[in-house]
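Two complexes come next, and they have one chain in common, chain A, joined by chain B in the first and chain C in the second.
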Partner chain A sequence: MKVGLLATLSVRNLLRHRRRNAMLVAAIVVAVAGVTFMNSFIRGFQQDLRDSAVANLTGHIKVHAPGYRDDPSIERSFEVATSWQPDIDAQALQGWAARVRVPAVIMSERETRGVQLVGIDPAQEGISFLGDVEFEGEQLSGVGDKRVFLGAALRDQLDTRVGRRLVLITQGSDGRNREAGFRIAGVYDAEGTALEKAYVFTGREALQNLLDTHAVTEVSIRLLQDPAGPSIQRRLLSYFTGLEVLGWRELEPQVAAMFVFADTAIFIWFSIMMGALVFGLVNSLITAVMERVREFGMLRAVGMRPGAVIVQVVMESTVLMAAGVAIGLGIGWLLCASLADGLDLSQWASGVEMVGMRSLVVPRLYGEDMLLVAVLSLVLGVVASLYPAWRAVKINPLEAMRR
Partner chain B sequence: MPAAAPVARRRGGDLLIKTAFRNVGRNRRRTWLTAGGIGFAVFLITASIALQDGSYVGQRQSATGLLTGHVQVVHPMYPEDAKFEQVVGDVGNRLHVLRETPGVRAASARVQSYALVSVGERSFAAQVLGMDIDRERDIVRFFDTVQEGRVPEGADETLIGSALARNLGAGVGDELVLLGSGKQGGIAALALTVSGIYQTGIADIDRALLIAPLRTVQSGFGLGDEAHALVVVGSDPLASAALGERLVTALGPDLRVRTWQEIMPEVEQGIELDRVSGDFMYGIVMILVGFSVVNTFIMVMFERTREFGMLLALGLKPWSIIGMVQLEAFALWVLGTLLGWLLAAPLIGYLMVVGISFGEAMEQLAEQMYMPSSIHAAVTWRALLTAPLIMLIATQIAAFLPSLRLRRMRPVLALRQET
Partner chain C sequence: MRWRLLCPLFLALGTLGVVPLGVLADTAQTARALVERAIDQTRGRTSFAMMSMTVHRPSWERTSTLEAWTRGREDALIRFTEPARDAGNATLKQGEKMWTYTPKLNRTIRLPFSLMSQSWAGSDFSYNDLSRTDNLLHQYDLSVTATEQREGHTVYTIEAVPHEDAPVVWGKEVLVLRDDFVLLEQVFYDQDLEPLKKMQVLEIGELGGRTMGLRLRMFEFDKADSYTELEWREADFDIELDDQLFTLFSLRQGSPR
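Take a look at the complex of A and B:
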């Protein structure tokens, strides 16, 4: 029997029970749209998590002296030639920054706190969170700027303001303490307070002069996309021999763990939705078969092969599923598009920060995810129709016709 | 006969119930598939909520138990300014009052300041927390995080975080010099010996918190019978608001009473966020199952048109038949709910007794979010009843909508319909 005829029969059968099948398609639509929508949120969250981690002075790849991560002092530093440029295809590279980062004590007239003092080249910091924070006062003018800027939360803790002086104490390259006064050039307002309390920035050369060194403690490299493999790391390692060259996954293992977990969450979510759907699907298909016992019996009696019966039932299920998937993906896409500006979670801002997210989650819909949902749903449609199809094959033509 | 009518009606009711249950038993496969759908939703949602609620209990206990306690009594301006001078006075008497207040399991005073901590040439800034260690070691979990050495016993001993120890290059037995500013801007200096090193897994704490005996810090920083916080632990973290009110009554209005929810809002917010996203998922699952129940009843209506026509022809009121269909839906719901609970029970039991442990990679992450290293399910009313109650309403609506056409059904036409 021709497949075309079977298809015509399937569609006609489906149209015979419009209300029931419309209900089933509606269920599939809800499931698929729900999966698509949630999927895009988990992806948005996942991206956000990684981007925050990468922007948080980490970069995609970072070079350290061995042991610096355990004992972050200027003694564990390395020199970078002034002419150095990372040997990375310009199309893959967003930017890089060389920094001196040392722990320091910061004192205002009133309060004392522990911070990370970071010497930067302001021109290079478009790659970190400093590229998109709000600023009050002035930015640093260059690597030689001897002023500092600090986070708003730290400013409040120290009870100080732009233009005032602060004293910073840190350890120089000879192991002795350096104490120096710095004027506050500006205050930055990052999204969470954790960053604001942790980092105080000054010019890189100014800090190097204070510490009596020409070295830096880290080179951070930001790419335009997550690197596909370790090849860039290997290339960097051949230049920075004897140093540690690590990707963000190794630098931020907790974030990496969350990142992987999000992939799992997508599958769990999908299985649950489809699990709930499958009961209704099987139910309807079996009913559709049992209603047509006489019809199937007759078809068999006039010579329809068992294989064709199976194909027909499977085809009915697939047509339903395909219709549901198409509409569901469309609605899911529309939902995401309507939330393209992001979903505001600032109601739970500190809870969100604790998990490492930003309070605005932008759903992200990927073609490959949509394709996966579509393929898996169609597979499920076929699987769910196997039992009903088997029931249809078992129908004995003689008995069926007698009913 | 006036008495006969109620009897007949009652008989009629019994008959409808009997018929309804027989109908449920008539198409077994469909009954089981529909009840299976309801059961799946009940199973999934009951088990998930039990695990969620259990994890919240663990999270709250872990967050409050580490160091914060349930309620803290502080100077009215201390939460905003955190100035060293903003202390609570008359500590001895006030602690006595607190300990006498019903619901208070323990109360203890703490002082805190910032100081420059040096070992040899190396210096770092740290928060110095003076605690009544003998008393608090049984109350807060913090002292269980000591990894090396021991909890301070002598007056000049201190406990430091692992990251601070690493930054300072200090180990157990080393001497630290603390320099800070005391009351009225005076210089405070202390020399302490490291008796132990702790690791909570929370980076901000491990890097910057130093614990020393209360009296030592008080006298070193020029405080008398004064403290920055009186920390109170009750029996249940969730009862903190009520406990706080009792403390206000006991101590008077001069001081500020803060519950742990105010001190660390991120914990409750994180819980809230988790709950909302869970509810979204449960909502969709229940909608899906609701569709499948609606479908079942559309089929029931269609198949039994002749039967309903006959019942109408025999004189049954449409609403009686609708009532019978609702009863069928109810029976399906009972079956589904029992099925769901039956499936969920062993899983929840397992999750209560054994729990879920985080892997190595997730453990630190869990600590960061105040999650205990393993979470256990908890049977709560929310877990047990959320899905069944919503499914009850959903199945009743799902049965009711298709059966509305009974009102317009013409018995003669219905009887003539072929099946």
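Take a look at the complex of A and C:
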């Protein structure tokens, strides 16, 4: 029997019960659209997680002196030649920055807080969140700028403002305390108060002078794309011998774990939605088979092979599923497109910040994810139809026709 | 050269207790000379004092007694003797480093510099007030803004404005110094030049052979009905002190004498 004929039979059979099958397709549409939409959210969250981790002074790859991560002090630093450039293809490199980062205590007239004091070259910071941060006052003017650039949340805690002097106390390269007054150049408004409270920036040379050093504590490299392998790391290691060269996954293991978990979460979500749906589908198909017992018996009696019966039932299920998936993906895509500007979660800002997200989540829809949903759904459709098809094959033509 | 070192507690011990060395020529008495002279007078000296400290808050008040030894500007040891539950609590300063000891825990803790701005023994003094290395001579521009006669003394009002990059949070400080180097008050201003906190001498007298503020009070302007008062009971200057006094070992001893 021709597959074309079977297909015609299947579609006609489905059209015999328009309302029932429309309901079923609607269920599939809701499930598929939901899964697509949720996927795009999880992807958005995942990307956001990585991007903020990378932008949060980490970069894709970072060079530290050994032990710095356990005990961040200026003693664990290294020197970088002024002429140094990372040996990375210009097409892959977004930028790099050498920084001095030390723990410090910051004091205003009224309050004292512990912070990370980071000496930067403002020209290099296009690679971090500082590149496009909103601020009031001025940004640091260069490596020699002896002012500080701090977060709005910290400013509020310290009860101070742009132009005021703050005192920073930290430890110099000889282990003795250093303290100096710094005027506030500007106040930045980062996404998330955790950043704002943690980082106080000043000119790199200005900080080096205070600490009596020419060294830096980190070199951070940002690539245009997440590096595929460790080859870039290995190349860097050949220059920075004896230092730690780590990717963001090792630097931010928590974020990396969340990143991996997001992949799993997509499957979990898919299994729950589609799992529930499959039972509905099986139920419907069995009903459809059972009400056509006479028909199947007749077809068998006139010579239809059992294989063709199976193909027909499977095809019915697949057509249903395909229709549902097509419409579902379309609706899911429309939903994502309508939220392309992102979903504002700022109402729950403190909560989303805790898991490392920004308060604006932009759903991201990938072709691969949509394809995956489509293929998995169709496979499920086939699997779900196997039992009804088996029931249809089991029909004895003689008994069926006597009914 | 640390002026506000152990200020105002030890500042009072040292600077306030300076022996007046004759009368300086009026015209030559610039603010800088006044302050410099006061510091020179106390350099390298040792002292012992017994004092009571009253911490007053709107809902409670607590008085304790403490003993303090100082040597130069580097070393200091303070130990509580009363009330009984606080007796033995002690703070040791060696140069920049500070430790506290609590007999109940039998623990010596080196104070990280992040803790230095915390309140010391629940008072209005911070550890920084005790040990801060602010330097009125080097980090501030000093000027006499007013001179007046009070009870037979010339009283100078000295304004201290920190240098641009000075490690000083204050907008300015105003000191009132008597011509016999008794500091009468010190007011700390924020950078809007609003007064923030004040140390004021309430009683001047003679102790240990020196004229000094015997009772002083520290308070913040925006905290009503809260202050800390120090009252000198006993004081002794230029005494022989054992080197061992300013060590961690002696910090843990109930009584070093």
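The working rule: the second predicted complex is superposed on the first by the 403 of 403 C-alpha atoms of A that agree within 3 Å, B and C clash if a C-alpha of one lies under 4 Å from a C-alpha of the other, contacts with A are read in each partner's own complex, and residues count from 1 in each chain.
Note that contacts are C-beta pairs under 8 Å (C-beta built on N, C-alpha and C of every residue); 3 or more make two chains touch, one makes a residue touch a chain.
Since the structure is predicted, the reported quantities are computational estimates derived from the model, not experimental observations.
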Superposed partners chain B and chain C on chain A - clash or fit: clash
First, second, both or neither for A:Asp71, with chain B first and chain C second: first
First, second, both or neither for A:Ala180, with chain B first and chain C second: second
Touching partner for A:Thr112 - first (chain B), second (chain C), both, neither: both
Which of chain B and chain C A:Leu154 touches, first, second, both or neither: neither
Touched partner set for A:Ile169, first chain B, second chain C, both or neither: both
First (chain B), second (chain C), both or neither touched by A:Leu285: neither
Partner chain in contact with A:Met273 - chain B first, chain C second, else both or neither: first
First (chain B), second (chain C), both or neither touched by A:Ala31: first
Chain B versus chain C as contact partner of A:Ala257, first or second or both or neither: first
Dominant toucher of chain A (residue count), chain B or chain C: B
Offending stretch of chain C which, after superposing on A, collides with chain B (from 74-82, 110-118 or 182-190): 110-118
Set of chain A residues, in rising order, touched by both chain B and chain C: 105, 110, 112, 114, 169, 171, 176-177
In the complex with chain C, residue positions of chain A that touch it: 105, 107-110, 112, 114, 146, 160, 164-169, 171, 176-177, 179-183
Residues of chain A touching chain B in the complex: 17, 19-20, 23-24, 26-27, 30-31, 34, 38, 70-73, 103, 105-106, 110-115, 157, 169, 171, 175-177, 194, 253-254, 256-258, 261, 269, 272-273, 275-277, 279-280, 282-284, 286-287, 345, 347-355
Complex contact set, residues of chain B against chain A: 29-30, 33-34, 36-37, 40-41, 44, 82-83, 114-116, 121-126, 166-167, 169, 180-181, 204, 207-208, 265-273, 280-281, 284-285, 287-289, 291-292, 294-296, 298-299, 302, 361-362, 364-365, 368-369
Chain A-touching residues of chain C, taken from the complex the two chains share: 96, 113-114, 116-117, 133, 162-171, 188, 190-191, 196
